[in-house]
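Just below sit the structures, each encoded as structure tokens.
One chain, chain A, appears in both complexes that follow, with chain B as partner in the first and chain C in the second.
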Partner chain A sequence: MFQNRAEAFALVLPAAIFAGAIFLVPVLILLSEGFRSADSWTIQAYIDFFSQSLNQAVFLRTLKLAAMVTAASAVIGYAAAFAIVNLPPKGKGRVTGLIVLPLMISPVARTYAWIVILGRTGIVNQALVAVGLSDEPIRFLFTETAVFIGLLQLFLPLMIISLISALENMPRDAVPAARVLGANWLQVFTKVILPLTKEGLVIGGTLVFTGSMTAYITPAILGGSKVLMLETLLYQRVTMANDFVSASVIALILIVMAFAANLLLKRLATARNKR
Partner chain B sequence: MSNKLYAPIILLLVLTFLIGPFIIIIAASLSAGETLSFPPQGLSLRWVIKVFEVESFRASFGVSMFLAIGGTIFALILGIPASYALSRYKVPGAETIRTIVSSPIIVPGIIVGLALLRYFVVPFNFGILFALFLAHTALILPYAVRVVSASLTNLRSDIEEAAVLLGCSRVGAFFRVVMPNIRGGILAAFILGFVTSFNQVPVSLFLSGPGVRTLPIDMLSYMEITYDPSVAALSALLAFMSLGIVFLAERFLGFSRYV
Partner chain C sequence: MSDSRFLCLEKMTLSYGKNVAVPDMDLDIGKGELVALLGPSGCGKTTTMRAIAGLMEPASGKIVLDGTDITRVPANKRPVGLVFQSYALFPHLNVYENVAFGLKLMGVKGSELDKRVIDGLKTVGLSQYATRKPAELSGGQQQRVSLARSMVMEPKVLLLDEPLSNLDARLRLEMRTELQRVQKESGVTMIFVTHDQVEALAMADRIIVMLDGHIEQIGTPEDIYNHPVSDFVADFVGFENVFERVGNTIKTANGDVAIAGDIDDATKGLAWRPSMVTLGDGPFEGTVRGTSFAGGTREYLLDTPLGQIKAECDASLPAHDFGAVLKFDLPVHKAAQLARTGSL
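Entry: the complex of A and B
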């Protein structure tokens, strides 16, 4: 450890000032717009925002979709992570690599693929019509289902990775021990696996939940103006109506959510280090 | 439960869900037909070639490349000294500084873009490209600091103290002893920053003007006009580019150790 304060500041200040000026100050000014009126501070903008039924619907839909994606990714994530952890080491590395792979690819490309799959002439509709389950193509695009599927594909890898490391940290003989003592698989999961991997689930869940809450690309491509979420609503309010007050309100909602999730993550991380 | 069957079935389903769409997009981009479809109507490279002929794609690819490379370099120039100070010095308020520097990762990008547009570009007449550059640098900075800090933590600090005791200047010790040892971490930070910036959409959403927009934004607006397979072809090409970079990085420096 060096003790020279002046040197330390000279090294650290450029980055801090840059992030503060380019990032923190403009964002804070933007947030303050939501509380400003002609001559004083007010929360009127928030009351107005939530009194409109469209905004309420978008807010609730965003929460609902984020919660559904988180729940689905937890269920699939446990199944997948459990299968992966039990693979031989070489296979484990390869499969984990394949799971992580999509994270490196442009989300626009990842979401665009679903247009090919779910569109009017996409494979799902072709199959449905061919098998005779439906007489004409079903509308999948621009529905909540499409957004749900897109978000799930985007964020599932984050959940699987978190659960893999949680399962690997679990004592090896916990599951066999419970089985020998007569627990069925449901009991093994709720009484042994779940409590021992809770932290991994919370970390993965927070990443998936905030990711889905603040997603723009997926609802923009697969939801359009029919299935607005908070970020697409923000974009629409600004580009169509120059409505910066609503934008500020949405921004604060998103930031509060993101920071709350981050705080939770941090707390869990330190709790784990202490043990 | 029969474990033998369970694992392969689950993994096959999950991997099909995660990776299948890419195979479909690659196939769709090789179609000879006019519209996006799978299975492709005949095979041809016409849409792949079309990607290189679309003027706006070429321009926006240039913008994205500039931002990804330039932004990452600038973020490293700011981030390396900061990480060094945070790991080697007792910095008063270190936690606050860390939070400020890493906050662009937490706050949704769309808000950062909007704030920059409203309070920098409009009142001060900043160029869009300049604002994009600043925004992308701010976005990459947290990754740069995190990855470089991790390498510095793994490097024992007594070797540079030894260099100083042996008569090397502090700056000399940094460039001769510390830098060569964290080269891998810096390269990893560069790749992570590049991929993050190149794929970034929300930050750039509001920061686009006549002739200046990033490639993903350009793709989004192209998709609104036409459903021809050229966006599929471009998506496939970009996917291969990202994978190629990550593959090379993993091969030559064990990228995953750093991230």
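Entry: the complex of A and C
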């Protein structure tokens, strides 16, 4: 398309300068903060961070919740995506639209909606008490369960959409062929659908995992300071303690975990393929 | 159960939601038969096949195979094989693994598995391709892997959906012979779906012609080819000049035209192949509106008072020019006498 590389380069330069100046440089400065000491480079800040039990707990909780949300979204996502792919074209468009719809609504609004639903006088508690399943309102808000539900609702659409496109790229008759060859539905899933859609699962899984790990609003509103996650901890360190070193440490941990999650998911996918 | 009623469809109705695709179908297929389901697209032939395979549940009626009612048996528990039009090989598995797929699920393993897979691949002449992925094979080879994958399961009935439609002309001939050979050697009851009358005539022991969800005619290739029962079947197997008959006349676009000859009282229509039309002599006249050379023969499209007539004569005869006016005849003794009309 271009006569020479210079033209293409010239076109991409403004975006590159912008991204470099606004994004890359500040991130590098922030990250370098965590390795700096009076006269040399050190990883002391990381050792200090992980030696505190609160930080350990927050780190593990973040990992656990992100993993749980990813796993749950995969299970629910496969069921939903499979059903949607098998709808007639008209219905498929409509249902896909409904799934994308939440992505267009502010996460703040969506998260506050959960307070209406899960709060002491929320719909769920009123129903539980009315039916007699519980004598008094159960505390959902500011628990890990609330954060889990909020994050799952937030990121499930990304998983479903990734899986829909993966399922649509599967050979049309692969599932009926497996059925006729004697596979029950579980075998159809593990031996045909899963290996053929693993790229979609890796993409969806990475999006949901990193999204859950780095989400701020949902854990802040539904978890508060009772259920701290790395992102809410980071915000606390900066606003309350002006502690940029911890912030830098947490930021790098989040970045590393995102890449690690992606690598791990890819590895899992190829391992299954070889078998 | 007798051998002639190996697979029976009894009042089977298939529908998609409220749309009935196949109403009340009755059909018996004998053990070891090679049967063609022939019909235009949308006639319900593929739907019928999917129902036999268990991929679609009949709204009503029964499917009985080898004396067992399999109407409610799920697809994975039926002794039925299906070769898909798209072949439906698993792209993540190599040829060997594709063929082994069903056997492994059956619990076959070790040397027994190995032997059956290798034998299956040998049958279709692909043993040296065992480690290839489907994407590295030609269409014809994929077709044969798909065939082997179904055959190693030793199904009681093997279904093939348009088995030759994705192959080029030469491969099609080769695969035709191959399918017949595999069927004769294994003795498996084989039903294939096709929209191509040539394919059906060449391969099948018996042809079931379908139209709009019902069976229009069942017969041997000779029956179907020479004695179509309806205007639809006649047209489908190459009787391109089809007329409704009333008394000693045929109905045409320009009114009834008298025709000479003996016609059965029950005959509702008359049909002629282009080759049955006498050219150069006869009571009718037509103007040449098109000619095409077809090797041994030359085909003419005539504009006539009866409507358009397709005629054909030996290519060694001198060609008639466009616009030439030719005498012709529709000899009744050659015509197919149709018991039903109105389905065209």
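As a working rule, the second predicted complex is superposed on the first by the 245 of 275 C-alpha atoms of A that agree within 3 Å, B and C clash if a C-alpha of one lies under 4 Å from a C-alpha of the other, contacts with A are read in each partner's own complex, and residues count from 1 in each chain.
Note that contacts are C-beta pairs under 8 Å (C-beta built on N, C-alpha and C of every residue); 3 or more make two chains touch, one makes a residue touch a chain.
Note that this is a predicted model, so its numbers are computed, not measured.
Colleague: Just checking: does A:40 make contact with chain B only, chain C only, both, or neither of them? Give me first, second, both or neither.
Modeller: Neither chain B nor chain C is touched by A:40.
Colleague: Among the partners chain B and chain C, which is in contact with a greater number of residues of chain A?
Modeller: B
Colleague: Which of the two partners, first being chain B and second being chain C, lies in contact with A:102: first, second, both, or neither?
Modeller: Only chain B; A:102 stays clear of chain C.
Colleague: Between chain B and chain C, whom does A:113 touch in the aligned arrangement: first, second, both, or neither?
Modeller: first
Colleague: Taking the superposition on A as described, I'd like to know which of chain B and chain C A:251 touches: first, second, both or neither.
Modeller: Only chain B is touched by A:251; chain C is not.
Colleague: List the residues on chain B that touch chain A in their complex, please.
Modeller: Residues 1, 3, 6-8, 10-11, 14-15, 17-19, 21-22, 24-25, 28, 35-39, 78-79, 81-82, 84-86, 88-92, 97, 100-101, 103-104, 106-112, 114-116, 118-120, 134-135, 137-138, 141, 145, 157, 170, 195, 198-199, 201-202, 205-206, 216, 219-220, 223, 227, 231-232, 234-236, 238-239, 242-243, 246.
Colleague: Flag every residue of chain A that touches chain C in the complex, lowest number first.
Modeller: The contact residues of chain A facing chain C are 171-174, 176-184, 187, 191-192, 195-196, 273.
Colleague: What residues of chain A sit close enough to touch chain B in their complex?
Modeller: These residues of chain A touch chain B: 1-5, 7-9, 11-12, 14-16, 18-20, 22-27, 29-30, 76, 79-80, 83-84, 86-87, 95, 98-99, 101-102, 104-110, 112-117, 119, 121-123, 153, 156-157, 160, 185, 214, 216-217, 220-221, 231, 234-235, 238, 244, 247, 251, 254-255, 258-259, 262.
Colleague: Could you please specify the touching residues of chain C with respect to chain A in the complex?
Modeller: 50, 53-55, 74-78, 80-82, 84-86, 88-92, 101-102, 105-106, 149-150, 153
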